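Two complexes follow with chain A in common, the first pairing it with chain B and the second with chain C.
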Partner chain A sequence: MATVQVSEAEKVYIMHGVRDDLRVDGRGCEDYRHMEVETDVVSNTDGSAKVSLGHTDVLVGIKAEIGKPKPAVPNEGYVEFFVDCSANATPEFEGRGGEELGVELSNTLYKVFNNRHSLDLRSLCICPGEHCWVLYIDVLLLQCDGNLFDAMSVAIKAALFNTRIPKVQVSEDEEGGKEIELSDDPYDCMRLDVTNVPCIVTLSKIGHRHVVDATLQEKACSVASLLISITHKGLVTCVRKLGVGSLDPDSIFEMTEVRNTGTEHPVQTHTRTHTHTHTYIYISEHYSYFFI
Partner chain B sequence: VPADRKRVRGPEESQCPLLFLPPAAQTAEPREPRAGRGNGEVRPLFARCGLVSQAKGSSYLEAGNTKILCSVYGPREPERRDEAGVRSGRLLCDLRLAPFSCGKRGAWIQGSGERDLSLALSESLHPAVCLHRYPRAQIEVNVMVLENDGSVLAHAVTCASMALADAGIEMYDVVLGSALRQDGGASLVDPDLAEERGNWLAGYEENRGGVTLSLLPNLNQVSGLHADGELRADTLSAAVRTCMESCHKLYPVVQQAILRAVKRKAPPPEK
Partner chain C sequence: MAVDMRLPTARKLISLPGSLSNAEGKHLVVPGDVITSDTGFMRGHGTYMDDEKLTASVAGEVERVNKLICVKPLKTRFNGEVGDVVVGRITEVQQKRWKVETNSRLDSVLLLSSVNLPGGELRRRSAEDELSMRDYLQEGDLISAEVQSVFSDGALSLHTRSLKYGKLGQGVLVQVSPSLVKRQKTHFHNLPCGASIILGNNGFLWLYPTPGHQDEEAGGYYTSLEPVALSDREVISRLRNCLLALAAHKVLLYDTSVLYCYESSLSHQIKDILKPETMDEIVMETRQRLLDQEG
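This part shows the complex of A and B:
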C-alpha cells in the first residue's frame, strides 16, 4: 500500500487532533472529504464512472461479454473484478509492485459481492446452462491518498448504475440450434438494479477514537482499521479487519454502531449523483430523439 | 507459460462429478443436522505440537474432518536484504490447501483464494507476535490444509499460533480462531463444509453469512475479523460475541497441547 513517512511529532499532532474531533484538514472524525462522481466517462465501456475523494482518484470501467455460465449455477451470469494499481498513483506500483495490493483489493470486492442480493445475477442469464452475460469490472487507481476501498465501492456502484447491457434474443432453428440475435436499436438495452449494491466504509482507529475516510497521513497513525460494506437497508455484506494491530471488542461494537451514521454520507452523495445521472441520461435520450 | 512437466496435471477444464447428480439427490440429504452437536457447540479438537522434526516449531490440529499442519521456521536472516525491517522483524505467512483437500481438485500453484487466506492469517497473527524483538529477521509460518471440512481460516490461526509458541517465538498471547455460520435465525458455531456452503436454494433468503474471528484471550483483543454474506448489524454483533465465547472454549485444549510440548522439551527436574 502506498505509504507516507510521518514523524513522531506529526503523529502526536494528528492523534491529539483526533482526540478533540478536529482533523488536520479541518474535518470532524465522522466527516468525509469532498466527493465527486462522474458517470459515462469512457465511451468504449458499457458503463463507467470516475470518483474523486480528496486526492484519491478511481476510474471504473465495466464491459459486458457473453460467456458460459458456471456449471454450479447454470441460470446466473457472473461478475469478475480486476483492480489495477497504476504506476501513476505512486512509483511503488511500478512493474509488479502494485500486484499484491491489486489482488487484495479485488479479493475484497469478491467478498463484498458474495451474496445473492447485491446484484441480481439471474437477470444476466441469456440461455440457462449455455450463455450468460459476464460483467468485467475493471478498477483503475489513478491517484491514491488513502481510503481506496470507499472510493472504489462508490465508483463501482455508480458504474453499475451507468451500465447498459444490449438486449439479445435467442431464436431456435429447425435443427434445434440456438442463435443469439442482438437488437438493432442501440438504445434497446437492459439496466441493472443497483439499489442493493453495497458501499464500503473504512473506519481507522487512531488513539482511542476512530475516523472515517482517513488520509494517508492519518492512516500512518492508525494500527488497525475496520472495513464494513453495507447496503442502504443496513445489511452488512463484508467485514474485515485491516492492518497489523488488534482491536478491543468494545471498539468493534462501537464502530459497527457508528457505521450507521457513517454510511449516511456516501449514501446521500450517492443518491444525489444518481439523480444527476438520471437527468444526464434523460438529456441524452432527448438528444437522441432530437437527432432522429 | 511453459508447462510444468514434473507434475501430473489434470485436463484443462474438468468438472466435479457431483454437479451431474440429479437435483433431487442434491437437496434430499438424509444427513442428521450437525451430527448430534448443538448449534453453539464446537467440534472436538485434537491438537499436538512438535510433529515436524526439521522445523523450529510445528503443530497439527484436527477439528472434525478439518486437518491442518503448520510449521514455523526462523527467526532467520531474510533472503533479500532490502526487505528486512531495521526496527522489527517480518512475519511471512503462507497458507496452502492441498490439491486433494477440497471436493474439487485444486492446483499446486497458490490461487487467489489461498493468497487471500494467507493475508488474513498474517493479519490475525501479527498483533500477537513481538516482532520488535527480532530486528532484521524473518519468521516463516507455513500452513498446509490437508483436509478442508469447513472453518479453515479459524483453525489455521489457532494451529499457527501453537506452532509459533512451540518454536519459542516471543508472543504477547496465543491467538485463537473461531468461525460461525449464520443461517437465518440459526447461528452454527464451527461449521463444517456443507454448513459453510449452505443450502443452495436457501441462498436467496436474508441474513446468511459467515464470520471468522481471532482473539487474544488473555488480553481480550480481537486480532482478526472477517465476515461475508449478508448480515444484519445486530446479528453481526451477536455473532462476534458468540465467536469470542467459542474461542474461550478452545483455550484449555490449546494450552494443554503447548504445555505438553514444553514439558517434553524441558522435562521437570526429578526430585
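This part shows the complex of A and C:
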C-alpha cells in the first residue's frame, strides 16, 4: 500500500496528539474528514460515482452485463470486483506495482459486498439457471491519502445507487427457445435497492486509542487496524484485521464496543447518513450536513 | 460523531476591490498559449518556439527581463539557488553523505563534511563518524538546511553549518508548491500566536512549538520526545489548516499572511477550517487584510 516516510519525532507527535484527542488536522479521534460524493460521472457505465475524502480519490464504475448464473445459485446474479491502482496515485503503482494491492482490495470487497444480506442478488436473475445480470464493479484509485476502504465502500454504494439496469423481457418461441428483449427506452430501467449495502469503517489503533479515517501519516504510526463493514441495521458483514501488528482481543472488543453500544451508534449513524445523502443527491441538494 | 458529506462545488472566483485583477496585473498563460509572435525575444525557461512563435510550455505567469521571456510556473518542482532555506527528508544514508528529498527534480545531498557534529565546529571527521552517521540522521528524519551549491545537473548540495539548521524534532510538515513561498530575508519565524514556522523555499513548511531555550551543546542533533502541550498542539493544528487553506487559494505564504489567516480563523473550529465554505471565508478575510495593510 502507498506509504509515506515519517520520522520518529513526527510519530511521537502524532501519537501524543491521538492520546489528547486532537489529531494533526484538528480532528478528534472519531471525526471523518469531509467527504465529497458525485454520482453519474462516467457516461459509458451503467452507474458511477466519485468520492474524495481528504486527498483520497476513488472512482467507481459499474457495468451490467448478461451472463450465466453460477451453478450453485441458479436463481441469483453475481458481482465481480476489480480494483485498479492508477500510477497517478503513487509512483509505486507503476507497471505491475499496484497489482498486489488491487487483488487484496478486491478480495476484501468480495467478502464485504458479495452476500445476500447486502445486495438482493435475486433481483439480478433473468432466467433461473440460464441468464442473469452480472455487475462488474470497477474501482479506480486516483489518489491515496489513507482510509481507502471507507472511501471505496461509500463510492461503491453511491455507484450502486446510481446504477440503472435495463429492463428485459423474456419471450419463448415455438421451439421452446428463449429470447431476451431489451427495452429501447433508456428510462425503462431497474434500480437496485441499496439500503442494506454495507459501509466500511476502518479503525486504526494508535498508541492506546483508536482513530477513524486515518491519514497516511497516522497509518504509518499504527501497527494494526480493524476493518468493520456494517449495514444501517447494524448487521456486520465482515471484520478484518489489516496491517502487520496484532490486536489484543480486549482492544478489538473495545473498538467494536465503542461503535455498537452507547446512545449514539456511530457506525450505524454513519451508514444511515450515508443512505440519506444519496436521497439528497438524487434531489440534487447542494450539500447536506449530518450532525448526530 | 458527525460525517459531513456533500456534492463537489465549483469554487467562485472573487476579486477584491482594489486588488489587481488577473487581466490587468499579470500576464497568465497555460501550456500552448502563444506569448508573442515577435521574433525579437529570447526563449527562456517554460517556453518553446512553435512556428516562429514563442509559446508557453507551463501554466504560470510571464516574466520579462529585457529581451528574455520566461514563464514562472505555478506548480513546479523546487529549483534551488544558493542560500535558499530548505526543509527536507533523509531518504538514504551513503558513504560520507545523506541523500535528502527536497521536492527538487533530483535528490539533494548533505555531505558529512557540511554538518556541525556535536562537540565543536572544527572537529576532524574520522572514520568513526562515518560509521555512526545513522546515529545523527537516519532514513525518514527531517532536517532544515541551506543550499550550499548547485551541481551542474541541477542537484543541490546542502549544509547545516549553523545552529539554526539541523534535525527537526516534533512538529508537523505541510507540503505546498514552492512557488507559493515568498522569498524573504528570514524564513524562520516565531509567530506571536505561540508556535514557530520554517517556510522552506522548497515548499516544505515546518510547524513546531516555539523552543523554550536552545541547547547549545547538542549542535542541533538532539530531539526532545517530551509530549507537546495541548495548547501548543491546537495552535499548530490551526496553523497547519490555515497554511493548507491559503495554499488551496494560491495566496503567497509569508509570516504576515499566515498570521492574518490564523487570526481570521479563530472564530471557527480547527477541523472546520478545511471545509470549502469556511476556507473561502477565511482566505477572503486574509486577502482583504493584506490589501488594507499594503494601503
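The rule is simple: the second predicted complex is superposed on the first by the 258 of 292 C-alpha atoms of A that agree within 3 Å, B and C clash if a C-alpha of one lies under 4 Å from a C-alpha of the other, contacts with A are read in each partner's own complex, and residues count from 1 in each chain.
The rule is simple: a contact is a pair of C-beta atoms (placed from the backbone, for glycine too) under 8 Å apart; a residue touches a chain by one contact, two chains touch by 3 or more.
As the structure is a prediction and not an experimental result, all values here were calculated from the model.
Asker: Per the contact definition in the header, classify A:116: touching chain B only (first), chain C only (second), both, or neither.
Answerer: first
Asker: Have a look at where A:246 lands relative to chain B and chain C in the superposition and call it first, second, both or neither.
Answerer: Only chain B is touched by A:246; chain C is not.
Asker: Who touches more of chain A, chain B or chain C?
Answerer: After superposition, C is the partner touching more of chain A.
Asker: Would you check which partner chain A:13 touches, where first means chain B only, second means chain C only, and both and neither mean what they say?
Answerer: In the superposition, A:13 touches chain C alone.
Asker: Using the touch definition from the top, say if A:22 reaches chain B (first), chain C (second), both or neither.
Answerer: In the superposition, A:22 contacts chain C only.
Asker: If we overlay the two complexes on their shared chain A, which of chain B and chain C does A:235 touch? Say first, second, both or neither.
Answerer: First partner only.
Asker: Now for A:168: first (chain B), second (chain C), both, or neither, which partner does it touch?
Answerer: Neither: A:168 stays clear of chain B and chain C.
Asker: A:126 in the overlay: touching chain B, chain C, both, or neither? Say first, second, both or neither.
Answerer: In the superposition, A:126 contacts neither chain B nor chain C.
Asker: Could you tell me which stretches of chain A are touched by chain B in one complex and by chain C in the other?
Answerer: Comparing the two interfaces on chain A, one with chain B and one with chain C, no residues are shared.
Asker: Can you list the chain A residues touching chain B in their complex?
Answerer: So the residues of chain A in touch with chain B come to 71-72, 103-104, 106-107, 111-112, 114-117, 224, 226, 231, 234-249, 252-253, 256-257, 259-260.
Asker: Name, in rising order, each residue of chain A that touches chain C in their complex.
Answerer: 5-10, 12-13, 16-17, 19-20, 22-28, 30-38, 52, 212, 264, 266, 269-270, 273-274, 277, 281, 284-292
Asker: Hey, which residues of chain B end up touching chain A in the complex?
Answerer: For this pair, the touching residues of chain B are 15, 19, 112-113, 115-116, 119, 123-124, 126-128, 203-204, 206-209, 211, 216, 219-233, 236-237, 240-241, 244.
Asker: List the residues on chain C that touch chain A in their complex, please.
Answerer: Per the stated touch rule, the residues are 1-9, 89, 91, 139-142, 168-173, 223, 225, 227-228, 230, 233-234, 237-238, 240-241, 269-271, 273-275.
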